[in-house]
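Two complexes come next, and they have one chain in common, chain A, joined by chain B in the first and chain C in the second.
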Partner chain A sequence: MERIDTYPTHLRGGFKLRPGRPYPFGATLVPGGINFSVFSRHADYCVLVLFEKGKTEPMVEIPFRGMFQRAESGDPVWGDFRIGNVFAMVVFDLDYEDIEYGFRMHGPYPRVERGRPGIHRFDPSQVLMDPYAKAIGGREMWAEEPDWNKRYQHRARVLHDDFDWESDRPLEIPMEDLIIYEMHVRGFTQHPSARVRKPGTFAAIREKIPYLKELGVNCVELMPIFEFDEFENRRVNPETGKMLLNYWGYSSVGFFAPKTGYAATGKSRDGTMVADELKTLVKELHRSGIEVILDVVFNHTAEGNEDGPTISYRGIDNATYYMLTEDGYYQNFSGTGNTLNCNNPIVRSTVLDCLRYWAAEYHIDGFRFDLAAILGRDPRGVPLANPPLLEALAFDPVLGKCKLIAEAWDAGGLYQVGSFPAYGRWAEWNGQWRDTVRKFLRGDFGQVGKAAQRLEGSPDLYGERGPTASVNFVTCHDGFTLADLVSYNEKHNEANAEDNKDGTNDNTSWNCGWEGATDDPSINRLRRRQMKNAFAMLLVSQGTPMILMGDEVGRTQCGNNNAYCHDDELTWLDWTLLETNQELFRFVKNCIAFRNGHPVLRSNLHFRNEDYLGTGYADITWHGTRAWQADWSEGNRVLAFMLCGRHARSGTAVDDYIYIAMNMHSEALPFEIPRLPAGKRWHVFANTSRVPPDDVSDPGAEPPLGDEAEFVVGGRSVAILVGRDRRTTPT
Partner chain B sequence: MEISIKTVDGITVVTIVGEIDGRTAPDVHRRVSAALEATSKILFDMSQVQYMSSAGLRMLLSVYRQVSGKNGRVALAGLYEEIRDTMSVTGFLGHFPTYTTVDEGLAAIR
Partner chain C sequence: MAFNATLEVTDRKIARITLSGELDAAAAPGFRAEIEKSAAQQAKRLVLMMRNLEYIASAGLRVLVFAKQKMGAACDIYVVAPQEQVVESLELTGLRHSLVIMREYDAAEIENLA
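The block that comes next holds the complex of A and B.
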């Protein structure tokens, strides 16, 4: 039966209208028209502004309150299309593919000039983007100079949310089985060597799924894909003349819209296919057993501080969306100019609506929250003991199976690694894992005890939460790549044109004897070995490993540890490295396969350090150069441990015994190896001191170890042995 | 946009000339739906369609859903390269067999 609300009741300027529904916020296709709904607590008058796509001047402006005509008679009639603080109206007969829309908001005066502080910043001369825009025009082609004469730069569009998912749904891979690959959508395929049809796009990632499968990762974490403005703070490097952009995109323009410039379909006449393209990528990744996590930035927006542009939020309801001082200055806990007022009840529900939308409409498997500690601050910036937003996310029904991963610190000095409010759900980027393993790898003294904690899932940090609270990583987008970690002592950010002052000075790196690229074969051998050592430790550690895009083939950024502004070969993945550094790729691939093949490496509970199954071996045991005698002293750089396969997954899985020896001394050392139960013998899976192909085996085809009592581990090397039945040894 | 519908060997051949977008797609859908009463095999001659918007893609998919419930087939002939690319990137292409010419399409789905 036809709905009776499919007919207009009001007319204005030739457009057919009817009072709208406040829910859902944003623009929603309804029978015969589009329902526009926008919230503002402090605005008293609102105008809907409709454009033909791309046009500078509006096609029509329709106020939500005023004199209209009756649809049936044409007689004048007063109308006020508002319920509570929500303006809502249906406009009929619009071609949704061909329009862009925005709002003008009127509110308390006086009008605040750009650059001045203010609690309210209403400016009816400015068209404002809908905070709930599902697609956004204005930056259709990556880095294509926009028409700066348009006052309305980031333009809300309307989408059809009717994607045909068939039977797809999020994969729900347990955290302990996940291997995350952190990538930049454009950087992954923009390099000419990627040889894809649509470089730098969502579609191109789909072409590279076979590569991800070969590597063996089962999750990609996409650096920000919410619409952002690559031209934000753009500038020219005075020395090189090169244009510097916001390449990373940690600065959201709109939270509900995918970055149009990342879509092959972004520049098509009908810009609404961007969503279909991204959904198709997610569906294809899922079909290949690969999850999708989004790196989401809710701590601030692209509107900056008092000097920043008015795009949406500050013009719609500044006092609601932002943390302000009493004088109306923007609080800056994000280090980027403003701070989203996340624990305001309205903003909180916007964040919830947003993540539910991505989980339900895009089948996203999880989220990594940039500077998540900010999300635990109250509207004045004070850290909360029980932050409502973090609790609401943890208990949300739609997000019930999504991964929630916090970057558990912020730029305001709040550091919560190990103490982030978790509600049994939240995992963290374990910055301590990175710091300790880097120090241990470099040969620093006093790291053995801490390294043991990191390798067994950081029970000192996540005692009650379990190892799955820990996302382990040596490198991420922020900082050195792995190749640079072993090639540079200092950052080299001159190309960022900030006098090398940006980026952290705390890299805990070691250049292996020469700063930067060298043709010294012994240094290059050592660097390769250090990279393998890092991967070996990452992939045998309890917790969830995360790999930075390109580290598996030794991608360099020439010592730049903050390459956020470079859109070129410095940041793009050079696919010829796959040939040049085939040795490293093979090592990583096999270590991933080894991890996937051994449940004992992937526990969701901490080890108990005891033999609770009567196997004769505790679940985990620590060793040194002497078996059963770990040396925890300050001056030691050696550590070994053994995992009892019978205790795999708390005794619910059957696995082999695994022994890992790490020698971070410069000299080779003999290790006494623990004896295995009768009938089993040790086999060598990996030994980073050996040259290929003996540096790593194909999992399952490991050669037997000759001398079962003693094993020499080379200087700065890691060895991984696997203990299993004699009869399964390949001949 | 112009649309003509004829039947060849029990297959409904829909020839479209022009652009399929938010304005024209509902019309195509209406005309094709009427023809669906009599047939379950449809071949779209797309060789004179240079642009198809998201509404066009959705129209094709909804015809596919209507017909596949009746054991039918929907095929496309003579797709422009750019439309094919868009359909591939947005996941629509996977639902449709495609042929270079109408004759080739007729021979294949007969």
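The block that comes next holds the complex of A and C.
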């Protein structure tokens, strides 16, 4: 039956209107028209501004309150299209593919000049982007200089939400089985060597799905894809004179819109195909068994501090959206100028609406929250014991199966690794895994005990939450790549135009004897081995491993540990590395396959350190150069452990025995190996001190170990043995 | 250029719609009406002649999805002689794999209903 509210009641300037519905917020296609809805607690008057797509001057401005004409008679009539603090109006007969829209907000406070503090920043001369915009124009082509004369730079568009998903749905891969590949949408395929039709786009990633499949990862974590402004960072590279961009995009313009410049369809006349292109990518990745996690940035926006641009939020309701000091300055817990007021109830519901939208409309499998500790601060910035936003996310029905991963710290000094309010749902980027393993890897003293905790899933940090709370990583976008971690002692960020002051000084790296690239074969051998050691530890560790894009082929950023502003060969993945570093790629690929083949490496419960099944072996046992005698002393750099396959997944799965020996001492050492039950024999899966192809086997085809009692592990090397039935040994 | 869609259905139940102009949001309902007519006549093949179709927008793509759903899995949809921009839109939005795209009308394939 047809609804009775689909006909115009009012006219204004030739446009047919009727009072709108406050929910959902944003612009929604309704029969015959578009429902526009926007909230502001403090504004007292609002005007809808409609543009023909791309035009500088508006096509029409329609207030939400004032004198209109009756639709049926043309007689004058008063109208007030507002319910509570929500302005809502339907405009009929719009060509929704060819319009952009915004709002002007009037408030009862004096206008605040740019650069000055203010609790409210209403400025009716400024057209404001809808915080719920589902598509945003203005930056259609990546890095194409916009028309700066346009006062309305980031332009809300109307989008079709529907999509032909066929049978697709989120994959719901258990956290313990996940292997995350952290990648930059543009950087993954922009390099000419990628040889794709539309480099740097969502569409191009589809062409590289076979690569991801071959590597063996089952989840991609996309660095920010919410619309951002690559032009916000207007500095010049002192080495090349080239304009620096915000390449990473940790600076949201709009939370509901995919980055138009990442879409091959971004420049198309109908600029709303961007959503279809991204959904097609998600569907194709799912079809290949690969989940999609989005790196989401809710801690701040692209509006910056008092000096920043007015795009949307500050002009719509500054005091609601941002954490402010009493005299109206922006709080800066994000280190980027402002802090979104996430535990204000209105902003909280915006964040929830946003994530539900991505989960429901884009079939996104999970979210990684940038500087998530901020999300646990109250409107004055004080850390909350029971943060309502984090709790709401954890219990949200639509997000019920989504992965929620916190970067559990912020730039204001709140560090919550191991203590992030989890509600049984949240996982964390385990920064301590990274720090400890880096120290252990480079041979620091005093790391063996801590490394043991990290490798068994950090029960000291996540005792109640289990190993799946721990996302383990050696490297991520922030900091050195793995190749640089073993090639540089110091950061080299001069090209960022901040006098090498940006980026962390705490890299816990070791250059293996020479700072930067070298022809010295012994140094390069050692670096390759160290990279393999890092991957070996990552991929046998309990918890969820995360790999940084390109580390599997030794991607370098030439020592730059904060390459957020470089959109060139420094940050793009060079696909020729796949040939140059084929040895490393094969090692990583096989380690991933080994992990995927062994459930004992992927437990969702912590080990109990006991033999609760009567197998004769505890679920995990620790060893040193002497079997059964781990050396936990400060001066030791050696650790080995054995996993009992019969305890795999708490005894619910049957697996082989696995023994891992890590010798981070510079000299080779003999390891006494624990004896296996009768009928089983040790086989060598990996030994990073050996040259290819003996550095790693194809899983299932491991050669038997010659001497079952003692095994010499080279200096700075990792060996992985697998204990299984003699009869299954390949000949 | 104004959009135009003309439908002819052969006695062998092959529905052929010849499209020209720009298939945007304003034009999409007209195209959709022709699809509905084809479905009502229980067409076994849907052939979309696109040589003179200059542009397809999101709304037009959605009519193709609608056609796929309305005609059912047993009815193949052929897209004949589409222009480059149209093919690209079909490709980038993932529709290409559910359509048969051909450069010329291939009677041998399309009319073979065995």
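As a working rule, the second predicted complex is superposed on the first by the 729 of 731 C-alpha atoms of A that agree within 3 Å, B and C clash if a C-alpha of one lies under 4 Å from a C-alpha of the other, contacts with A are read in each partner's own complex, and residues count from 1 in each chain.
The rule is simple: a residue touches a chain if its C-beta (ideal position, glycine included) is under 8 Å from a C-beta of that chain, and two chains touch if they have at least 3 such contacts.
Keep in mind that this is a model prediction, so the values were computed, not measured.
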Following the overlay on chain A, give me a clash-or-fit verdict for chain B and chain C. clash
Just checking: does A:Arg65 make contact with chain B only, chain C only, both, or neither of them? Give me first, second, both or neither. neither
A:Lys53 in the overlay: touching chain B, chain C, both, or neither? Say first, second, both or neither. neither
Look at A:Lys150 in the shared chain and tell me whether it touches chain B only, chain C only, both, or neither; answer first, second, both or neither. neither
Based on the superposed arrangement, let me know which partner A:Lys198 touches: chain B (first), chain C (second), both, or neither? both
Using the superposition on chain A described above, determine whether A:Arg21 touches chain B (first), chain C (second), both, or neither. neither
Looking at A:Thr272 after the superposition, I want to know if it touches chain B, chain C, both of them or none. Which is it: first, second, both, neither? both
If we overlay the two complexes on their shared chain A, which of chain B and chain C does A:Tyr96 touch? Say first, second, both or neither. both
For chain A, give the residues common to its interface with chain B and its interface with chain C. 95-98, 160, 162, 164, 198, 203, 264-265, 268-270, 272-273, 276-277, 279-280, 283-284
Where on chain A is chain C touching in the complex? 95-98, 160, 162, 164, 198, 203, 263-265, 268-270, 272-273, 276-277, 279-280, 283-284
Touching residues of chain A toward chain B in the complex: what are they? 95-98, 160, 162-164, 197-198, 201-203, 264-265, 268-270, 272-273, 276-277, 279-280, 283-284
Complex interface listing, chain C residues touching chain A: 24-26, 55, 57-59, 61-62, 65, 68-69, 88-89, 91-95, 98
Listed in rising order, the residues of chain B that touch chain A in the complex are 21-23, 51, 53-55, 57-58, 61, 85-86, 88-92
